[in-house]
């Protein structure tokens, strides 16, 4: 355990804390702020099960985006699906013994990484090429894309350019999880990959990446269309009622 | 190197079977850990497609050195649970299909060659 | 006519037009005078410390409306909504792209309510709420008809209407109100309807209608007012009492009740279905207006409440009435509260209780304009999508030649008429005409392709707006008809007593 | 002529025994029809390995070559003839006009213009510089197009998992295989198992050698006795030649 | 004439979900079968070292051939400028893509090492017609997809004609390539013929048009959209011509073979002595696939009935499957000739007719190709606006499209 190893251990814990804490704080707020009125975008499901299905379609298929813009949907969906696969594949570093299904999806890793980069490239090009999207794009939008591209590139490079010691790397990750810090393999690419991921984790709760938890709390998507059957009253609105 | 440190720690590591033939690998272990797959892939194209034989990264040689022995001293396949290749690959969740075709046990011819190479390595060649 | 150019109709479906930044930066409604502001509980004019108060109100709303909180966080600037707003398509002003409209508020939110905006404002596009920003708010949050079309296509369902409403609420709270809405709300609070039509005038009008119908059909169709113990309280937009083509709809409702033998009444106290409290995002005002209906229903002792043809009124009725003025346990439990007039007519048609002769409308080829608040913010019947199905069935029972417009412009994808959300005022004529462009294009297409002669709608604002706007696009203003006008034409009075 | 061949054969037999002996000394692969290539050197087009089958010497009831191949390379033996691979088989031929019959082993003919290689989409089927046609089973996807294309039915798909492959002859499910001309032996300077076995039976119907070396026995025999190709009409110039097909 | 509007199907009815579930079940069963084959090896199929390609290949080749023909309607519209077909062109392109994907999926899942698909996609032997076909197929998918996009995106319409022409040429090459897979097999008596390429082109046109007709009639019927007779009759006449051409080429194929003495054996096998293969040839291919549809299509009264036209389409497809079965299985059953004129025997089935007994897994895998094709088509109909809302005869004023649509809502 040299100084570099120690630095990575400390940064990892710090970023994780920021990520989990920040996310919890946001989710807590989303959960606590009431939705005083029924505002599902119609036609909406009339039952809880229907809402779950609607939300699943949104999260898994990006249904609304598909209706809205096919190209963005294509790139966005490819990016997210590949990202999900990449992340799931990464579970091999965090589990010992590795879960069966994680082992099963390993072979797709290389392609998932490339697909993710392709999706990101498509999204980025659209940001630069489509006048309307360019208008609404700010520096932070480019930065997030750049960050993800950099993560993808360094990750893929450890496979295509300079291999790393996966076993030692897994030991490092397990060490973090089990509070028994281990050295990190001193390969510049993995260290860069990890560092960038830590940056991503740190900015996550403070950026537009909040769309990931946000979508589940969006009242236009998660409300049941039963306004006439069930009275829906927020606490603060109920308080107004007292003065009726 | 990894195996030695396992006992004292909470962090699990693969138990790596000590090679039957020593003292060193065909390249430094550090490097083998990272690059053996590329080396093997390279070697196999050379051998199968060009007919180049007798080189150091032959799979048969790896097996000759790295196959473990059971209680009765019989060689065990390197792909058997807990054996050299398998222990790491299970840890890293890498599934290789090599041993669908290749025998994981050493054969005398390859063992002989491996001993020769071990000699060369020891002599620093 | 105002001095702007009516946009040229392009073929539908259309290419997305290029941006023209600032194209409608000059269009904004007249501000509300203190006389319009104060009855609603707002300061008469822009207060001294408006910035602090606005931010305070914003914080308050962020804690009250999850929609606002989530929507301001979640947008990824994906751009799916950018070409969905009719105001953008008609004006080409990029600020009318829904996400850009939201960003007016989002940038302020970032500056004052997020870590990123406090640390590195330039990076995340955070901005101060200064005078210039307030002006932009006033301009562009009054170029949104709160039609929710953008929310259909947004992957997170971000509804710019919610943000417009919040922005207007904040502006009202610092004294920067809009004249048209606030004046009307004040009238409702005082008199009971948007037009400020007092009881006797109403009575007069209704009597006139009875005579008219008698003359036309020879049948005594009643238009009862304030009848205690009637079965149904009909709440309808006040435009129905006199303006064309609205009034034809009212005649239609009366004929339906008449033939079905349902006793009904209007109320002078709640003589307005419209609820402009929604447009200014004011829960309190919306509630005050809604409570008038509760009181009227209780006073008259009715068993059911039925709403006439009005889009946003139906949204407030369907989605909010239970929340704002419920519970409705004193009404007949066999009927949903409230009901839409179309639901009533549709049920009667299905039961065979109405005698309709569609050939009475054979001089028309009709298409249907889904009004945005009905289509995207409420429902009819007991199935999702009933709000599309039921009015169409009513029309098809009354008309032989019915034609759909392009499916990309109907049902939940319908385009707003361009006059909703409290923009139906002459000072906003430019934006109204331009915002109507997408609907006009789709209409023109079926006019040319299928020979459509009339467009039916179930919204008072749509009807008023189209009456005004159709001529700009060289279409006759009387193309627009009420759905119950078609029923009124087709119904065979005297055959089912 | 036959006599000459016999002496030659005796010599080879002795050589084979010697080679086997020498092999026990680690790493020293010597002797045989050709010297083992030194480590690191690729197969070269200076050679063209081939087999000569003398059908007149091939005994009718014998299949020593077949079992030797099976033993050497580890194929077959599940008792499912339709799906079990057969790298080499004994074919009995009868001329319905003359009634004459003879038998001969048929294996991959190591064609110079192999249709299997032409059709293989991935390039798994390949012809080594020295004329040996192989399936690179790391690249074979099991499409079986080569099997459709081979006029000699020389190839088999391994239809099932392989239990205990020979270390020198890896084989596995889902890939196509055929006679490798015992490439692992040839590269080590030895002769194929079938040739060795045939000699052991005393029939000595098989000769292995370098067709490109005019001085080699096989080249001489082909030159002098006219080693024929099966389905010569196809013009594939196989490396496996037969004597006595049309007598 | 006003151009019909294209509109996605509602897809909320019980029938829709039932059909989707059925197709989904087919696909699932096929995946299960493929997994079994992967797990146990090809030993569990009826395929052997003699019959190397079996039922999966019959279905795969059938679908691939059909794919190319399914694009025919689009070609007629954009390459030959027949405006009447234009509203059907997108459906035609979708069907082509769906068939090709279905066929390729079966082909890939039948590989001995499907896990090495990547190898197949990255390593090419350019002397192999098979490798060329990989390019031809993926290229076809890409071109058909681009073509579809150009047709559906209004502002891109003007380029669709170019893409249509490219697609048209491409698919001719593609079918030639598919036919050549067999044409290049010099070793096999049944295949070694140049006629394979034109025969395959004719087959593709017949099968593709037949499938298109069936889907067209089915989709319009199921959605209650009006469909005029005019176009249908033009299409069925086209089908008749294609079927006749297939019959013609089949006749030429066998007659020329009979002319060459070396092919007598295999011809005798297929035409006379082949048992199941012979039966499939005469009853399946010639009668059901050729004569019956010709009779139906050109019958003065039956030929006007929609049911009869659909039946003709179905017969052509069934006959097509039979034809490909005869080509693939029949062609392999007849033994390779190592020693012309001699009698041979061996432990490896030299000189005997090979029998083929397909097992359930192969059938399931093959059928799943149809399932995939159907599922893709169904989903495309649901999410893309490719089906005309109404396709009345030009003159008759079609009832409003949306009207029927709304009833279903």
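Read from first to last, the chains carry the letters A, B, C, D and E; within each, the first residue is number 1.
Everything below uses one rule, namely that contacts are C-beta pairs under 8 Å (C-beta built on N, C-alpha and C of every residue); 3 or more make two chains touch, one makes a residue touch a chain.
Quick caveat, the model's predicted, so the values are computed rather than measured.
S.K.: Stepping chain to touching chain, what's the minimum from chain D to chain E?
M.R.: Minimum number of steps from chain D to chain E: 1.
S.K.: Give me the set of chains touching chain A intersected with the set touching chain E.
M.R.: A chain counts here if it touches both chain A and chain E, which gives C.
S.K.: From the centre of chain D, which other chain's Cα mean sits the farthest off?
M.R.: C
S.K.: Give the chain pair that accounts for the most C-beta pairs in contact.
M.R.: So the pair of chains linked by the most contacts is A-C.
S.K.: Taking each chain's centre as the mean position of its Cα atoms, how many Å separate chain C from chain D?
M.R.: Each chain's C-alpha centroid was found; their separation is 87 Å.
S.K.: In whole angstrom, what separates the CA-based centres of chain A and chain B?
M.R.: Those two chain centres are 40 Å apart.
S.K.: So, what's the distance in Å between the C-alpha centres of chain E and chain C?
M.R.: 53
S.K.: Just how far, in Å, is the C-alpha centre of chain C from the one of chain A?
M.R.: Roughly 37 Å, centre to centre.
S.K.: Out of chain C, which residues touch more than one other chain, so two or more?
M.R.: Chain C, residues with two or more chain partners: 385, 388.
S.K.: Which parts of chain A, given as residue numbers and ranges, touch two or more other chains?
M.R.: In chain A, residues 107 touch at least two other chains, as defined above.
S.K.: Listing for chain E: what residues touch at least two other chains?
M.R.: Those would be 115.
S.K.: Over in the complex, which chain D residues touch chain E? Could you list them?
M.R.: Residue list for chain D touching chain E: 80-86, 89-97, 106, 115, 117-123, 139-145, 147-153, 155-161, 173-176, 230-231, 234, 245.
S.K.: So in the complex, the part of chain C that touches chain A is made up of which residues?
M.R.: 16, 18-19, 62-67, 69-71, 73-84, 94, 97, 99-100, 103, 114-116, 122-125, 148, 151-159, 162, 283-284, 287, 291, 318-320, 322-323, 326-327, 336-338, 375-379, 382-385, 387-388, 412-413
S.K.: Within their complex, state which residues of chain D touch chain B.
M.R.: Where chain D meets chain B, its residues are 23, 26-27, 37-43, 126, 128-130, 132, 134, 136-138, 161-162, 164-168, 170-173, 175, 183, 187-188.
S.K.: For the complex, which residues does chain E have touching chain D?
M.R.: Checking each residue of chain E against chain D gives 38, 40-43, 48-50, 52-53, 111-114, 116-117, 119-120, 123-125, 127-131, 133-134, 181, 184-188, 332, 336-339, 341-350.
S.K.: Within the complex, which stretch of chain C touches chain E?
M.R.: Chain C residues touching chain E: 13, 15, 385, 388-389, 392-393, 396, 401-407, 410, 449-450.
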